[in-house]
């Protein structure tokens, strides 16, 4: 039983939400300032970047019920868009993000169009082919992409002079990157929140749970699916751009099929049907791919063939299975259950619902069912 | 009063089996029209054809001035047609309130682009939420508004489905076995509700139903089908003693 | 000691968390034909499905004096066979494979001769033995479903709306054959049927289900003359 | 006591075209039509190819494409077996085949058993493992809810690949072949070379497909397979043990996959990723074939193999590494124009 009960929309509830929000924001803002190490700042920056990709994947998988094993390609598309515009055309970093969005929206819609005609599983085979195809395409056009050698930008993103972080300390530039990325990511979370709460978001849920009933309720199922796919790809594209802002170097191996699968692992671990789940998901993702990998590097199982990557693979597989079995709602579901033990938020009727009261003129002069 | 829905020569085939074989009837504005017939007569198929879930091989379906066969299932809600399903077609993972809110989708104006922005979506969301809640209140089930559909009793779910159909404020309401699975008291109450919808909210109702007493009690016009064809049609008083109808139900001349 | 072939004691059935049967008692004696009437959604189908454990149940179900078990495939092996609503035709299999599938649990040598027997009973099936079952007409599919269900040599046959979508004349013929075959093989039956007049004509006893509970029970003759039953289920 | 009348003569249910089987006929027509379109496209391209590069080169590419394609078809067959029984694509099918191939390799390499026996050992072990996986990781889930099952197969993909890399490392190894491999062990067809290895591989693959097809159409297990694929609930009511049937499909699929792996490994080399590309070609093949047809898987495999060999061979701009792209376009094109594949059956969702 919860220790406190709060009514939804009441003053206490609003204070709680604002309080939690401000606390979270303060934490995120102060975080790089209290961490002394460049590597750690870079790690949390990566978490923020990947959370956007996972968020996008969640919109598609968790909210619209479509599976994609091809999101590595969209992350890569965003990343390459940014690096090409920055390195070859001297665009400022942040200005490339809208271009990434546009490119990935179109690419996502194109991949999603088969969804018009086909059911879930076929789409999964299409997306897995997309993921496998992307590195091949990158190598196909080396003049744009640098081919197998990868592509670099000579200059990192720099903050304007008025910005409060001193760029001449070792932690200065990564902190700048962190803040820029954090702002963009916050915007993406806001957008995702808006989508899920809107009419379109409800339509996505309806399509996920029962497509036929959705169609019967006037929802254009195919359009909704393509929209979800395109938007989801655009989120992945933004994540790609952010990753390039964090580290201005890309190569084909950075965006392979494994990235797609790890994004799914992270999504399931975090909680696929919740916006906030992308954050624990991204933490799982980065912890698996950096910390665990580093730790496993030092292990020496099976005589002299230590490879962090393998341990990570096995662990991720096991983790994924464990989550699907034990906590299908992901970490975020667990956290919510915990929160409910402390504070229970009781839903309230919507405001002003009486205005829309559906009532007829009362008629008592007529028997209800005419007896036969 | 004019014909709101007009169906002519409807033919539906599943594989090699003809489920509807030239069914015709029309529903006048403001009527409660019942489609009856033994199981397998093609009533639900006719419904699914009207709501564009199955594709007829032949025939015409006109709603007001629209040719429904030229439209998609998703377009109907916008024209003012809503329906319920025999076996319920709700979304188990969503709350009752959200289920009802989806019913209003076609009347919403926030498009894909606007949904990104928040403000317009939120204004609309607030209104739809209130309307949906009011609808639940009308059916006396506002207390379960925030619960997931999964696990609620059948009678409640039937009301949720009715609320979802009504929240779109349709001109024509299609009800597939609204009384199916309800206890006697609930059936009576449902009859009152449906007549109120016709009388007070200017709705036209087309329903498929087995419960004879219910049908005869509330309908203005009854169309009986048998084996995919029109059997008889008329007002309840005319039909009550129709030998064709008795035979169709009993499978034997009486 | 004699005990009924099938006995349900206070059986509750659930779809997910929704309770659809609220404590149903029912018995079927050896070779007896019992009809279950009720409005759509009253729980008739659920009743049959709970006997086969296709839904989650609470309460006791005894078959041949012993608990019926929890697994459908074991229940079938013990001698319960069901023709589901909509006939459950295996539409991608040929007619012959459908009937063979009915004898899936049998390993004896009489399968082939039994196959011949059913072709004799239902000549239309014999003519179309190598066509896909999905393209049969409704009546033929119902014959197929009955032949398939009886291929497993059950002691109890559960029939869910066998008349659904069939012309009255076909229904009557089907019921005639069914009654004779079952009598010949001493198969007891539970028939769920909308066509109450027909079903009551063939049954010894009947139950009326209303909203998941037994409302009326009695001899078939008594039920047929009951005013309420006539109004509600016979449609006149 | 026989029923003589089927339906009332004028009743709609009785009105169907003479000769019956409208459904089957329609399906056959549509399959024939789409196969015709594919053949016509291939033929048209062949004319161009022969004019462009000569007959010998063309024949060589057709031979290469077809023999590779048969392998893709075999892996596709494994996918189809699982799909038919469960409605789920096993994304770990390639990884399971790779693992089984490594087991066979270990048997040859470490225990020095004859190759045929080693392959059998690999097949049996992977079948057993697959049966176990099905029991422990797949069966607990509601079979109608596909998403968690797909996630589990992806998890298996990750874990099996990693485990294989941990056990055997990434160094590519040569895998022995069952057939003579000398440089002049080939049949010459119009100047093109059909090596015995490829011929043998293709023959084994075709034999497996035929054998499986026969088994599944004649045996009791096959009957159970087809029942479950057609209608789960009806099968349950006939006394079929659904779980065990699905389990057998996993086991057989794993064995077939391992055999395909052992046949493919000599032509590439053996490392933990060697099945990844083949799996994607197999997806293309299975999609092309319609995902639920055993014959379709083989036909789809051959068509995919031919498409890849001819397109990458004759359109220089595409280049050899673009084979994946071809597979991708095959999938997209099929899904756009023939959503249920060449030989698949169309299903209709119902409310």
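Some notes on this structure:
Lettered A, B, C and D in written order, each chain numbered from 1.
Assume a residue touches a chain if its C-beta (ideal position, glycine included) is under 8 Å from a C-beta of that chain, and two chains touch if they have at least 3 such contacts.
All values derive from a computational prediction rather than experimental measurement.
Listed by label, the chains that touch chain B and also chain D are A, C.
The chain with its Cα centre farthest from the Cα centre of chain C is A.
Highest inter-chain contact count (C-beta pairs) belongs to A-B. Note: centroid distance chain A to chain C, computed from Cα atoms, is 52 Å. The distance from the centre of chain C to the centre of chain D, with each centre set as the mean of the Cα atoms, comes to 40 Å. One inter-chain figure worth recording: chain A and chain D are separated by 34 Å, centre to centre, where each centre is the mean of the chain's CA atoms. For chain A, the set of residues that touch two or more other chains comprises 212-213, 216. Residue positions 134-135, 137-138, 165-167, 169 of chain C each touch two or more of the other chains. Each of the following residues of chain B touches two or more other chains: 15-17, 53, 85, 89, 92, 213, 227.
Residue ranges of chain D in contact with chain C, taken from their complex: 1-8, 11, 13-14, 16, 20-24, 220, 223-224, 226-227, 229-231, 233-242, 345. Those residues of chain A whose C-beta lies close enough to touch chain D in the complex are 61, 65, 67, 69, 114, 117-118, 120-122, 124-126, 128-130, 132-133, 136-137, 139-140, 211-213, 216, 257-258, 261, 264-265, 268, 301-302, 305, 307, 309-314, 316-318, 320-321, 324-325, 328. The touching residues of chain C, counted against chain B in their complex, run 16-20, 39-42, 134-135, 137-138, 161, 163-169, 171-172, 194-195, 197-198, 210-211, 231-232, 234-236. Remark: chain A residues 190-191, 193-195, 197-203, 205-206, 208-210, 212-221, 223, 227, 273, 347, 349-361, 363, 366, 368-372 touch chain B in the complex.
By the touch criterion stated above, chain B contacts chain A in their complex at residues 51, 53, 72-78, 82-83, 85, 89-94, 98, 101-103, 105-106, 108, 110-112, 114-118, 121-122, 124-131, 133-135, 137-138, 142, 145-146, 164, 166, 168, 188-189, 191-192, 195-197, 199-201, 213-214, 216-218, 236, 240.
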